Amino acid sequence: MTLLDLPAATGRATPAPDSSRPHDHEYQVTGPGPYWDTEPLRYLDERGAPAEGGLRVDPALLEPERLLAAYRALRLARAFDTEATNLVMQGHLAVYPSCRGQEACQAAAALALRPEDWLLPTYRDTAALAVRGIDPVEALTLLRGSWHCGYDAKKWRTAPQCTPLATQAPHAVGLGLGAKLAGDPVVALCLLGDGATSEGDFHEACNSAAVYQTPTVFLIQNNQYAISVPLHKQTRARALSDKAIGYGMPGVRVDGNDVIAVLQVLGEAFERARSGGGPTLIEAVTYRVRPHTNADDANRYREQAEVEAWLARDPLDRLAAFLRASGHLDDSLDEQIGRDCERYAESMRAQLALEPDVAPAEMFEHVYAVPTRQLAEQRAMVEAGEDA
Amino acid sequence: MTLLDLPAATGRATPAPDSSRPHDHEYQVTGPGPYWDTEPLRYLDERGAPAEGGLRVDPALLEPERLLAAYRALRLARAFDTEATNLVMQGHLAVYPSCRGQEACQAAAALALRPEDWLLPTYRDTAALAVRGIDPVEALTLLRGSWHCGYDAKKWRTAPQCTPLATQAPHAVGLGLGAKLAGDPVVALCLLGDGATSEGDFHEACNSAAVYQTPTVFLIQNNQYAISVPLHKQTRARALSDKAIGYGMPGVRVDGNDVIAVLQVLGEAFERARSGGGPTLIEAVTYRVRPHTNADDANRYREQAEVEAWLARDPLDRLAAFLRASGHLDDSLDEQIGRDCERYAESMRAQLALEPDVAPAEMFEHVYAVPTRQLAEQRAMVEAGEDA
Amino acid sequence: MTTTTSETRPAAPAAPKTQTVTLAKALNTALADAMAADDRVVVFGEDVAELGGVFRITDGLAARFGSERCFDTPLAEASILGTAIGMAMYGFRPVVEMQFDAFAYPSFEQLVSHLAKMRNRTRGALPMPVVVRIPYGGGIGGVEHHSDSSEAYIAHTPGIQVVTPSTVEDAYWLLRSAVASPDPVVFFEPKRLYWSKAAVTLPVTTGPIGTAAVRRQGRDATLIAYGQSVPVALEAAQHGAELGYDLEVVDLRSLVPFDDATVAASVERTGRAIVVHEASGFAGFGAEVAARVSERCFYRLEAPVLRVTGLDLPYPPPKMEHWYLPSADRILDAVERAMAA
Amino acid sequence: MTTTTSETRPAAPAAPKTQTVTLAKALNTALADAMAADDRVVVFGEDVAELGGVFRITDGLAARFGSERCFDTPLAEASILGTAIGMAMYGFRPVVEMQFDAFAYPSFEQLVSHLAKMRNRTRGALPMPVVVRIPYGGGIGGVEHHSDSSEAYIAHTPGIQVVTPSTVEDAYWLLRSAVASPDPVVFFEPKRLYWSKAAVTLPVTTGPIGTAAVRRQGRDATLIAYGQSVPVALEAAQHGAELGYDLEVVDLRSLVPFDDATVAASVERTGRAIVVHEASGFAGFGAEVAARVSERCFYRLEAPVLRVTGLDLPYPPPKMEHWYLPSADRILDAVERAMAA
């Protein structure tokens, strides 16, 4: 075969291209660049004053009641997280992944939901469960190790906390699609970490949600780390919110330590979802102040100075400063909230210090609606061993 | 617990936000819109004339030798595809997924490669293998059903044709990373369909390639369909090339029926990859003229008129028109190429009409480097059955 | 949304008329009847709506029930199954199609870590009435990745039911039962049998999930098979009769739950057992069957339980699959060995 | 790149000194020695470089060999394994870590459809000298998805070798052997034994992949176990001795290839066999062992082969796992039943 050989040239030369004509289509759509190029949306600046040129916020969000509710939720999340951190150190939990520093996301996620909305949390979002109103003992059941999920997932419209990363994202699509087909004004809010955005399930879910136009909101808490892996080893995207472009859905980058801003962008996303506008991808820029879990040693991979810099942007301090400056918060109210938090933590302590009741029956009861004969035999064997 | 109850409001009302101030950050980064909003890059217009405001092309590409080599490659791809389509109808192949209409991508992919570069083809890219120089019988072995891969994958630096969609994409990352770590100026070219972009593996591969900055080029042949599923059910992205943004890599959208344009953008991507500039995502907009495979009935899901419209943009006709207009091609050369093609097809026909030799030994020989005892026993059993 | 079926049993058959139908048509009818009976049933997957599926099992469903009840998905199997899980959480009863067995692998994590476990971890709050339809098996001249049999992977995963019909009647009824089940079912469709036919009256009722069926009675040995290995076992039994072997054939039908009673009763009668399936033998489902039978029928067995299965190598290309697949001949070789023991 | 090892055997041991080392340290040393011996060996996965892995098995490798030989990956298991496959195509010998057993599931398709088949489909042109390290098993108080045992899924996949050590010595040598193997190895690390210790001289040589080891000799029955079930079987054997049972313990060590000779020889000696593993019993790897032993030792067996395994339910939470796991007590119950048969 000579087909691929070069033939002898025939005819005249091709006219030289006009190299002075610029590209009509600039096709390096986005050059790789450092992640922090893009300033996230914020309402408050890092000291808690209204940010210059900041996000425009729904006035209702700024009503004192709403602001104080947000503040209380932040304090609750902090108190919960602090107590859970104590409990794990005392051996009352199997493991605890702290959300310290991420309380604005935790609080806003829970506050943005209506009772009929679905929440899909990860292992790190136990404080959000508490703010949603779930009993802390039930919320901590997974991490205590007495069952996989302690709360009534259907009643609370809250999926069990998800550990296999990003696998809950397609569930949020299915919930949204279910709501859409049923004609219910219900939104599914999926919480994810920055690391989880690298998983295939994240991609498939975002893409499907956009194609189906489901009422699903993906909230990425970009806390800068996936265990030890910093964001720049996770992605070369300019911003995680840029990923929305590839799905044809709105993408938002918000200051995750500014609860007002997070509430605002969540509110808009929920509103859009409820009114048929489809899914939204939100990246909340925040920081995991503690190690990945109590078992992790963060000194192996990051400097204390970096942590200090983020502590200065503490979400509680920022809102407190704003509330104090606007006269909604004074020492006496703050102390009262502190006492409420202390009582809440005491109750957690009292309940979780007790050894939980467990019985082998529970392992067998819900494998299937009706246990197989083989499972019934195994149950009898285990229970006989217990009696012996 | 009263922590989440609303407290009585304290202090004065929050100042109303300044609603006249526009958002500083417009966060609906990209609104959903019809896919065809964005015109792909092209050098030739649909009739084969230089496109107005078209792509600027490397002068070397426009040398008559190069242009005629491209034309011969297109004709070869067409001849190959036509003959394979005949062969499958005559029962000499198990199945054949035609690339009719996509020959510009097939030819350009093969021509862009140096011998040391790696190609990762799919089931639809057999013509690209032929253009790369692989013997057509070896190239068609998978689809003939006599072995999984008929060519020497290592010698040809060509992976076996991949059927599980998008699973070859991470391999292209690994090959690129291998080349990078070894310091070799080698590029891995991964071919993918539009449908495959919905798979998790596509996402994970693109993201990893960008993070590692591997010399990998992802070429999506967007032929508008994944079997029966049209692009708008596959993605809501404005363009598949937009997905590059979420990976922080260059993304290019090119007219996949304009072989000059495809060669140009591939050349730039290869050049960037070889010089340490990392991966590129290219979307080539084209059309699958025939059904998904010989077993498919495309009338179930698309109109003939749509096919006709695309036939008018035939990649061969476009280049032929350009070559004739610029005097590089005349009837006599065209006929000579036609005769070469006919000989090529005849040889395919003659070889593939024969029943291939197969022996059970082959099944056992490469499961492991050294067969296990159990496999040796099974081989003996099968061979004994054959002898019986 | 209204419910017209109970949780555990499909609606009672109505308006019978006998026809010659293919197994594919029986599946199609089962889906249509299930969708008609319960509007929480939704069907989705790759190419299932406009095209009716590459095997046409979902043909006509989108036209009849609308694009909200039957729709095409993006090409993303993990997300197909994950979406089904979310819809089940919302109260739907999704039936999803995986186009070929090997193309279900991307959904493996969703299946093992969520579908199988969701009821359990939520103490019953979020049951998973999901059916995953998977055409499986070879012998159809399919290239790489189009002839896998992955039942062993799934059957090892507690929380899932695994079902596979071999007859037109069971195709209908097991699929109805799967859709009506409160728990997830992986429904393996023997794709080589899609075009097998029987004169049946649809709707038809057979046994419930969890029961095996004796397809042929015999006294010398029991052939235990499922899916498209059942006709092969029956063929072997027929040839065997000519050679003087009186072979019983048990069609497992339901791999999980496993019908120990029927299987053990048969082997207790015959004293010999041979397990047949297409998947590779090593750590295949036949190992479980052989282990159970060997344990339960220990004192009755007159010969070791033998396995006639696919070879322990990647599924071969079309021109070689006849060497790979369990054939009537290979089964009869095993029968001879068992009878000689 | 230069090669200093042969394809099939790791480099010969050099410069011995006896120390008390943990199984984790033996694995770490094996990786370091393999990387020193062959610069085609690269190690990557989630958190393996800066952190040294959540179990510290890769501790110090990045510092010693540089960030091109040991690096952190994005969080994407399919792509981790797929990248390893591509690197192997290029001529490297990648060793990848899956952080926990259940988190390897996203890579299942890459494993089944590519890693296992690449050598075969390319007629040997593209061998896959890849090691997939997976910490597996329970008993460490891990929450959901942190205690799975998935060896049955992998062992059923032709083309892969499956290995799991139970001793410090085997941890070292099997990992060296796995890295040196021309074919892919899934290397299951018994995570509960990471901190078990032995006085050993590294480097140490034990048996090749494909061979089982008799860990204790006995005449009454054979306990067949692997990974972290081996110490449990040994514990049972010790208690058994007090009760008058003389139990043999076989450590399979290599599930694929399977050492029929050692296993059958032991059962031929004892006449009784009990298989022990943590994974759910149904269609678990123990089924294959039981089926093989029942077939091969049919005439010698004095009792049915019994299985003592994890229960057929999703791995339970920490406070309940003691009921799920095979214990010395449950093994001894089975021994009693076997002896009474």
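Lettered A, B, C and D in written order, each chain numbered from 1.
One rule holds in what follows: a contact is a pair of C-beta atoms (placed from the backbone, for glycine too) under 8 Å apart; a residue touches a chain by one contact, two chains touch by 3 or more.
Everything quoted here is computed from the prediction, not taken from an experiment.
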Contact-richer chain pair (by C-beta pairs counted) among B-C and B-D: B-D
Most remote chain, CA-based centroid, reference being subunit D: B
Approximate Å spacing (C-alpha centroids) for the pair subunit A, subunit D: 36
Whole-Å gap separating subunit A and subunit C, where each centre is the average of the chain's CA atoms: 39
Junction residues of subunit C - those touching two or more other chains: 73-74, 76, 78-79, 102, 105-106, 109, 113, 117, 120-121, 144-145, 158-159, 256, 258, 282, 311-314
Residues of subunit B whose C-beta touches two or more other chains: 147-148, 164, 198-201, 203-204, 207-208, 211, 233-235, 362, 367, 372, 374
Complex contact set, residues of subunit D against subunit A: 46-47, 50-52, 54, 72, 74-79, 102-103, 105-106, 141-146, 282, 311-314, 316-320, 323-324, 329-330
Complex contacts: residues of subunit A adjacent to subunit C: 118, 147-149, 152-155, 159-160, 164, 167, 169-179, 181-182, 188, 200-201, 203-205, 207-208, 211, 362, 365-370, 372-374
Complex interface listing, subunit D residues touching subunit B: 1, 7-8, 42, 68, 73-74, 76, 78-79, 81-92, 94, 106, 109-110, 113-114, 117-127, 158-159, 161, 182-183, 210, 256-258, 260
List of subunit A residues in touch with subunit B within their complex: 1-4, 6-7, 9-19, 21-25, 27-33, 39, 41, 53-57, 59, 62-65, 67-69, 72-73, 75-76, 131, 133, 198-204, 207-208, 210-211, 213, 233-238, 241-253, 265, 278, 326-330, 333, 337, 340-341, 343-344, 347
Of subunit A, residues touching subunit D in the complex: 94-95, 123, 142-148, 163-165, 195-196, 198-201, 226-229, 233-235, 295-296, 300-301, 356, 358, 360, 362-364, 367, 372, 374-375, 378, 382, 385-386
